[in-house]
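As written, the chain order gives the labels A, B, C and D, with residue 1 at the start of each chain.
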């Protein structure tokens, strides 16, 4: 029996974690991809809770970087970056609810080399940027294309192969009245770039606008903590998720569950604010649902909490704070 | 002869800083106020460069806090805060241009006590907030209503009167595809809360979307550096601005000019990033238009640059960096 | 054969990672413990490279918090906190060298309950502090005493037992002319609170003052990422380290090696500066010793780098950045 | 009658702000200058409260940068930078007291060009640094020597003259047991680089070690807000201060008073922490000595507080928060 049958989704969601319907969104279905998370476009699909959807995602550059001789600054057209599928309207979702999104599978698609990473001007964790403005000359631009195979992994070079550990870099719901760049992570999700948002996890996304309006894209074949230069191994995929709805589970920031842990995800600047948000949300969750007082949770997390650095490059940095379920007794 | 005749607006703008047309936007004209800076609504007015517009602004709470016994958390309905007039579409404005907005006058309007300040839960510079998340109990909520008189000033209490030094707390253009909360300051302006954005100044706002789409609101009768508790003396006004257009003056962050200084305005977190942005933009401006090399500008600003802290409470902090025009020789 | 025989210590250190001499420092030997990392005191011991030393460490409160009814603010006497053993003078160590310190074993000592954690006023990751100054009322003070057993683990309560995973919270060399609080982590080590500084690891500490002047103390029985409330499970120990010396290995920030990874440790505020330091040092290390260019290292770490949050509570935050040795081919 | 006669120093200090004795510390008297603020050296002078002392200060480079063709990285020898006069032991000063230091006069001394500014590698507000570590190439080094005249000002070039507005860049007392680099500002003062620490001001410095142990140096002929590139117009001076002692005035961070304002000075990273410290200290001062509640002070400072950015380049950033005395009614 899978842990999923004991998941919060199975216990509390409208469809009890069952799949009653299956859909797909191909590139053709999607048509125009989106570059903001907002309520100002028509849904590409309307589903009931308990629907499985397979989505053809683009890479973060919409496939525009094709060879190692490409110069990103000549090809990319800000703010039309990080194309997103969706939005998917979930029938019955209202402000104060949350979407439960179980990530079933991510498979690479498209011709090889399917993977792209690169150095972009004034973007990255170890360079001056538009936010951390300096006078030093930028690093050179650089593109690296790599083969991505779901079994053999990512062929970095003759000597180095990296395991295929895919996850969804950008996923979330729409804000209520804002439309925010798909490059940004925030309370509703977005560009969190957190490797835990991977097959086997259920992501809980707060609903702020009617229907929730689920967007997703930007799948990574692998990524280190912090996504240091700002560009993981970006690749187009077929990503399959199962969408359910939990009524009246009202919280501010994205939550996640997998077989081992519960996790809360905070995004902010400076980075300590991302950590504070993530851990405070976890304290509050433990106090609300797991029979701890806030101070007990605070003291226990001091001893056993885990923090995962998602990104240190986006407009907000992202940290996931988690605790083993075995401590939630 | 006013310095305005030598302003950048007079020298470079389409209407040469002249007024060829006069309009007003009353509360009734405005109808629905706006809570995001974005391109997804119809303009309330379309004008040619060289137009003077008088605008009836609301206070940041849209007048909802009426007495000192009001409890803000019971009255305010996030995200429907900081109501903005506009957008005003400026004919001919295209991405890569900038709007020149000369602030002519700000007058208080409405019944007394016209001014409102208050302590809001989890908002402010010396408390834990949604961004700087802590477990400490919040401060109590508190409302203070004050008389605001353009001549006599703000009556704080029997002993303290504060001069009326009004400015526009929130002003800016629309992002290209984003719609961002009016509570946030950013490259296009928004909730900068910088007291230099006052009568006598020309603000230069980058155009990102067709027509520029000028929004403004949130006028303060007075404010200290940093807007410490997050709520200045908010008041409804009639604010008069003159709108012009400079073609092909392309920069990233808001600029400002008054009789004495040129200023660049940066917003970011942590606060040093706001300072870096502001000063780097000033270095670049001096290098582009005033015959300095970047390194010469950097070294001179070390000796004579001025930094003004706008807000230390909004989603991004704001700092204005300036240099006396007398040094631009 | 142990990986240690292929460690950098074994390959490059004066004593080749061999133990030629064994010493101990009991409480009585130590006499006065130290509260700063500096060169202004006499060494407690002088050793040659290749010496094993067993040290009786105190807990971070020097044993002063004895029961759950104690009130820390009435007992603790800042700045006389976090007592350190040492300094140990390593013969032959000069500025530009580094000490190699292999952590052999940490054993709890003293009467039960040997472990202490607590909530201190204005200290911790989810409260206002002396550095992040706010007006909110502080949390209550609170002490929790726990049994610590090297085999059975830490008895948190009837339901929760935490594995005994001890490490050295504070270890480092002396600055050249500064004497810095043992509460602070910095380039020379100090209060890093990083769980990887554990038995099985070799820590490489830059030498800034003659003899290196090794200090250590503050062992934790267990700790979560970030040491959230600021007080891990503090306990007195017998800690055994093997001290060696690498001549002319000159770097700025502490490095670490264990069977699986090499790691660099950065401390700073805001937290992104700790991450930047750690990752830049790792890039430089890979470029200097492992046949990567800086840009190649930067791009590879984007895919496979790991970041561990040590503390988010000390005067500087600490992050360790690492890469699997299997990628250093 | 000077405002000084109503100063806090005149009202509360042991010598009531009177001068009973006059001393000087020449270069020869000083002998060895100091590079840390600490208690581990002998005082150069012992004085009673009510003593005026004239001090021959060096510039921050101890005069080592003599011409524009000098290359700072080849000349400067970290950590032997920012030489300080003192320490001066004030008889009767004990932990919990504060020193009152009235700055009487600063005069340039030494051969012309007496002023030095420069670009140092990996130091400054708009470059990557050792703390904000990046991979971009550093800016070039550069030295600029300028004439400094107390009347005519600083001759920047043929077209630009900057007024002589001298102040003490680094001044403070010793920590209790730490010895901290003179490059760092902190609660006891140090390298605050705040232009308000100028002739006409009284600085109140908390006493942490017996005798207070006053250090000072690093006078600037002029400086912009933030000291952008990190090096103001450094120059050697004769600086005259009057030293008094206030018993049992116990606060954490440096305070300042001049004719117009009272000010509190905070140093920290990120910059918002410096602002928070400064403003919280001001709130507390107003509550303790000026008949405000903390919340009243907080709300009033929102409207009339002033923030001055001292440095944005040192190991901690410095901000001074002030309020006009006219509001302290």
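Basically, contacts are C-beta pairs under 8 Å (C-beta built on N, C-alpha and C of every residue); 3 or more make two chains touch, one makes a residue touch a chain.
Note that the structure is a prediction, hence the values are computed from the model and not measured.
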Chain whose Cα centroid lies at the greatest distance from that of subunit D: A
C-D compared against B-D, more contacting pairs: B-D
Proportion of interface numbers common to subunit B and subunit C (over half same, under half different): same
Whole-Å separation of chain centres (CA-atom averages), subunit B against subunit D: 34
Cα-centroid distance, subunit B relative to subunit C, in whole angstrom: 48
Centre distance in Å when subunit C and subunit D are each reduced to the mean of their C-alpha atoms: 34
Per-residue overlap in subunit B, given as positions that touch at least 2 other chains: 126, 132-135, 139, 269-270, 276, 279-280, 283, 295, 298
Category of the chain touch graph - line, ring, star, complete, other: complete
Footprint of subunit C on subunit D - complex, ascending: 35-36, 38, 40, 79-80, 130-135, 175-181, 252, 266, 268-270, 273, 276-277, 279-281, 283, 294-295, 298
Complex interface listing, subunit D residues touching subunit A: 126-128, 132-139, 270
Contacting residues of subunit C [partner subunit A, same complex]: 117, 119, 124-126, 139-140, 142, 144, 154, 156, 159-160, 162, 222-233, 269-272, 275-276, 279-280, 283, 295, 298-307, 309, 312, 317, 319, 327, 329
